[in-house]
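The next block holds one structure in the form of structure tokens; read it before the comments.
Labels run A, B, C and D following the written order; every chain starts at residue 1.
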Amino acid sequence: MSQMLTNVESLRGALHNAMADDSAVVVFGEDILDPYGGAFKVTKGLSTAFPQRVFTTPICEGSIVGMANGLALRGMRPVAELMFGDFITLAADQLINHAAKFPAMYNGRVTLPLVVRTPMGGGRGYGPTHSQSLERMFCGVPHLSVVAPSIFHDAGKSLRAAIASAQPVVFIENKLLYPLRQQLHSTATLQHEFLDAEAEYPTVRLRNFGAGNSPDVTLITNGGISRFLPSLLQRLSDEEIRLEALIPASLSPLPPIAPFAAAAANSGRVVIAEEGTTSNGWGAEFAARLYESCMGKLACPIVRVGALPTVIPAAKQLEDEVLVSETTILNAILKVFS
Amino acid sequence: MMTASPNFFTSTDQTAEHFYAQMLLIRHTEQQFLQLFAQGKLNGTVHTCIGQEASAVAVVNALDLQRDVIFSNHRAHGHFLAYCGDVEGLLAEVLGREGGVCGGIGGTQHLYTRNFYTNGIQGGIAPCAVGAALAEKMQGSGAIATVFLGDGTMGQGVVYESMNIAALWGVPILFVLEDNGIAQTTPKQQEHAGDLTTRAQTFGIQTFTADSFDPLALHATAVAAVGMVRQQQCPAFLAVSCYRLGPHSKGDDTRSAEEIAMIEQRDPLRHLELQLDPQQLRQIQQAVEERVRLAVEQVLERPLVATNTTGLTIGRGEE
Amino acid sequence: MSQMLTNVESLRGALHNAMADDSAVVVFGEDILDPYGGAFKVTKGLSTAFPQRVFTTPICEGSIVGMANGLALRGMRPVAELMFGDFITLAADQLINHAAKFPAMYNGRVTLPLVVRTPMGGGRGYGPTHSQSLERMFCGVPHLSVVAPSIFHDAGKSLRAAIASAQPVVFIENKLLYPLRQQLHSTATLQHEFLDAEAEYPTVRLRNFGAGNSPDVTLITNGGISRFLPSLLQRLSDEEIRLEALIPASLSPLPPIAPFAAAAANSGRVVIAEEGTTSNGWGAEFAARLYESCMGKLACPIVRVGALPTVIPAAKQLEDEVLVSETTILNAILKVFS
Amino acid sequence: MMTASPNFFTSTDQTAEHFYAQMLLIRHTEQQFLQLFAQGKLNGTVHTCIGQEASAVAVVNALDLQRDVIFSNHRAHGHFLAYCGDVEGLLAEVLGREGGVCGGIGGTQHLYTRNFYTNGIQGGIAPCAVGAALAEKMQGSGAIATVFLGDGTMGQGVVYESMNIAALWGVPILFVLEDNGIAQTTPKQQEHAGDLTTRAQTFGIQTFTADSFDPLALHATAVAAVGMVRQQQCPAFLAVSCYRLGPHSKGDDTRSAEEIAMIEQRDPLRHLELQLDPQQLRQIQQAVEERVRLAVEQVLERPLVATNTTGLTIGRGEE
């Protein structure tokens, strides 16, 4: 099999192709022009290829998304970049009271094909205002989608789907995933498949065991946490623990719960891991729905893991302590397994 | 001469009587809203533009209504009627009857028709308008965008972000400041330091000023501003000084009787009346009264909007 | 017993007393000066009594909360009003990246005694941008409290507690509660008590049945939904269904789960009702925690009710359809009861 | 004459040699950060103020450091050191060693000491600074607040909201624009239309301008601005034109070699060197070098900050 693309390559390629395929696609953001090409280089090369449709903006996240709303209302397909996901708070009004409102409150008579791309996540020592995973705030907002590919998704394909969507999408990238290679196929030790390959934003199922066996534990996670999985699945395999991991790309709305509930009932043991804090997090809704569908079928409570409920410190050892690690997840799995 | 045809309101005639007729239609419709509210037939709230009709009519008539894009705010009825004259669509929307322009979902503050958009968040629509204008420029449609902002709304930072981008990128947008000197109950002097128009100038935006007391002169200024925006593909800022004759929304007027009496002296409708032939005046008045009366009657006979309205079920809502 | 105060009276009194007791308390907001006294009249009389410490602001919600942050950092006790809760999106950055960050990221060396008061909720026909219940977005934000009194709480006392708190509080008022009288004591048909009377923001327990009986159903709810309870408890009583309602005033952090779990295990049947949308709502976290603590003790899945996942329409009949009503809750109770 | 005592840095002497010493201390410390980063000893990032030291030193020395309040941003090391001279506290903070001013939680962009605050969100600190200044005014402390903003940060609307309120209410705050003509990689002409200083003027704010190439003249201007703010209890705006000699953060400099060479000609440190006695110069240089070298050595010997840091467990965090 040919060498897989890294996430940043995949996203970059998708932006290029989307712009080449559709002259309505416009890209905005701070410092995105070549030669710099954006703080995380996702837009690298874009302004050279499409100088008329790539705009570097002043520093004003509210208006970046606001402008994108207006462009979307008038027939364009804007893709706005917020340099750090933490700054999405500045665009909250445009996302919630504008983007997510216009189509519905105008009784479906307008569409709003907006994509707001932004990198979330810690692990780089950037400190409290440059490391958060704030996407949970936008999960559950009616008429707004929140999408986050993992390394087991084709990130570029997810981005193309978001750009093609008629409704606004908050598209979460994870800083630590950018340089990692996507892993889209099974390997000798890891079964990779899509639960719903035809879905707009499909869910990945990974297993560290072969057909005919059933899983010991079900792990539900998304986005950046996927970086721990290749090693984690291997370690668990060494311990002869059969893990099935389910990784939806659509964080909100949640994909239909049935296949997740079936998987949970099958193993009876569930861990949900997310990069942000767990209280009122993405996993809270997931857990609540799983419990609803799995009454009497779980051997033990679902364990949710996420960041400690505090700020994300700058100092490495403090940051490591606050954020989820492979070990945190492993311990949660061992806990439900025992 | 003005006819009483239902679409005299959308004729492109730009005369005193035409403006008067449009302004009067807005005035009557707004008064109906206040009355319907008082009668308990209107759920929620309305912000009427009584006293400010000239601004709506003079500015909107300066636009190319086939293609230009308008963004307005909580006090949008005048802009809406000047844009499309759809009294029934507006009434039905605000009264929750069938045939409302947004199926009753939006209501008074969230109107949409064709190229006309409003929202109830002060200032938030400004960058949307910049984006819309940029879209028109990129598509080469020749259209411009116009955004109506109140003096109080100039407190929102996003307006300055928008002016900066519009000026920086040469976006064809007309910012219209409807300066009625008050925001809800707060006089302008308690909202702003310095001068609002020069704020726009410091972004390198050309500014125009006019008084709504003279609708024809205001219109001429608006035509000049619109022409500049369209030809030079750059923003302009038009400050319209005007007066709010009615309350902010319903009964919430804390201004003194003297102040209101003074404001009534500045009613542009009365001013225009002096310029019109009395017979013509009566004819217009009758025609408008009839138009609004029938519209109200007709809309009140319509059923309440059905609950399976499409807007509520699109996309995410289907879950 | 003397006539109870309405909610607005209670809140207004608390503001008066807080200002009288502590010259560090300052109050800000749009249109809050007399004679108008604010859109919902909570600040009525305040500027007359304390002209030097009550400020009407320009329309700029971000800076209203931003200023309050600065005042709080420098020894004042600011209480900021946002005219409608929907506008809290404009203050999201100041709440999340400033108020909730300063004390923790400065290693506990500053305090930030901030209160942001704002009315949430629909039912008044104000339409999509003036009717939402957006507090769920701020639930789970570390170092930020979200508080919402019900009609069974002393709203003024809750507000005093928030003003006395050393950390930032988002204080949710409900538009429809303002004119309603608080109900702080038991009546012939309704037992009222506090689970934890000494808590900063206590939880109310209501029962429509006498001592010695156990409940059939547990209802967990908060804030504006409490307005349905007097009638609902009566109706259920008529049907001989014993309902125990638990109403925390602290939405985030959640109060200790143990007494809620005990109540849930006791009845085995739980309904959670909130005014906002349920997906990723306040109730999702509550449900997840209850399930965790009640494994095997619930007779049926928890039913969560809330607004339909769409915008809140202006037209009355549409709005009624989208929002939670007494009937919605009643049906949910009958559902778990059967 | 300047002595090599560890606290020469916080003396209140306002002479060329004193300024030079402070600026050089900042320069050396910043260079250490870049070097430590290159050596892999610094986790995360830093934004150094190399080239802009004069602005920090000249403005901060115009304040009353016993009581005035300072708000800064991502590029805060110079302001911080000019304020308190705590090289070790800063180094330890950024290196995650014990004794950092924020226990290693904040890191380079989130510093706090006494009356000095920073945050990493561009512009968001501006209304906080207005609130802080208002608090000082209400408390009658006589203190003022100062907030440092970059030219790029003037894109944020919240800055205009802040200027409006400050001017409207007579809040004693000095807005300092550090205009280095660039924001990350974007030149000012691609960030802004019109002129930044006149923007402040339209809020009725008095403005001052100065060039960091001449630190003593800049200082005199800052003293005048601070004096006005304190005496008249109103805002002022001080635009400092300066140059960023180094990269935005680490290696991210997309400017041409010629441009950098041109900027090096505008290095205020070199300029000051010409004004000092060569022997004195050497003495200062040796003292500063020694000070920074020892501080780095000493801090690198400290243990990494322990994980039970209090900041993480306060309030909500205890859950």
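Here are some notes:
Keep in mind that, in the parts below, a contact is a pair of C-beta atoms (placed from the backbone, for glycine too) under 8 Å apart; a residue touches a chain by one contact, two chains touch by 3 or more.
Keep in mind that this is a model prediction, so the values were computed, not measured.
Under the contact definition stated at the top, the chains bordering both chain B and chain C are A, D. Taking the mean of the C-alpha atoms as each chain's centre, chain A and chain B sit 42 Å apart.
The distance from the centre of chain B to the centre of chain D, each centre being the mean of the chain's C-alpha atoms, comes to 47 Å. Centre-to-centre, using mean CA coordinates, chain A is 37 Å away from chain D. In chain D, the residues touching two or more other chains are 105-106, 110, 119, 121, 155-158, 161, 164, 168, 190-192, 309, 311-312, 316-317, 319. Looking at chain C, one finds that residues 57-58, 60, 62-63, 86-87, 90, 93, 97, 100-101, 104-105, 127-129, 142-143, 253, 279, 309-311, 313 touch two or more other chains. Chain contact topology: the protein chains form a complete graph, every chain touching every other one. Chain D makes touch with chain C in their complex at residues 69, 102-103, 105-106, 110, 112, 117, 119, 121, 124-136, 138-139, 145, 157-158, 161-162, 164-165, 168-169, 309-312, 314-317, 319. Here chain C touches chain A in the complex through residues 86-87, 89-90, 92-93, 95-97, 100-101, 104-105, 127-129, 134, 136-137, 139-140, 142-143, 252-254, 277-285, 287-288, 291-293, 295-296, 298, 300-302, 304, 309-311, 313, going by the rule given at the top. Taken together, the chain D residues at the contact with chain A in this complex read 43-45, 93-94, 96, 100, 104-110, 119-123, 152-153, 155-157, 183-186, 190-192, 252, 254, 304-305, 307, 309, 311-313, 316-317, 319.
Those residues of chain B that touch chain D in the shared complex are 155-161, 163-164, 167-168, 190-195, 198-199, 201-205. Note for the complex: chain C touches chain B at residues 30-31, 33, 35-36, 39, 56-60, 62-63, 86-87, 90, 124-130, 279, 308-311, 313-318, 321-322.
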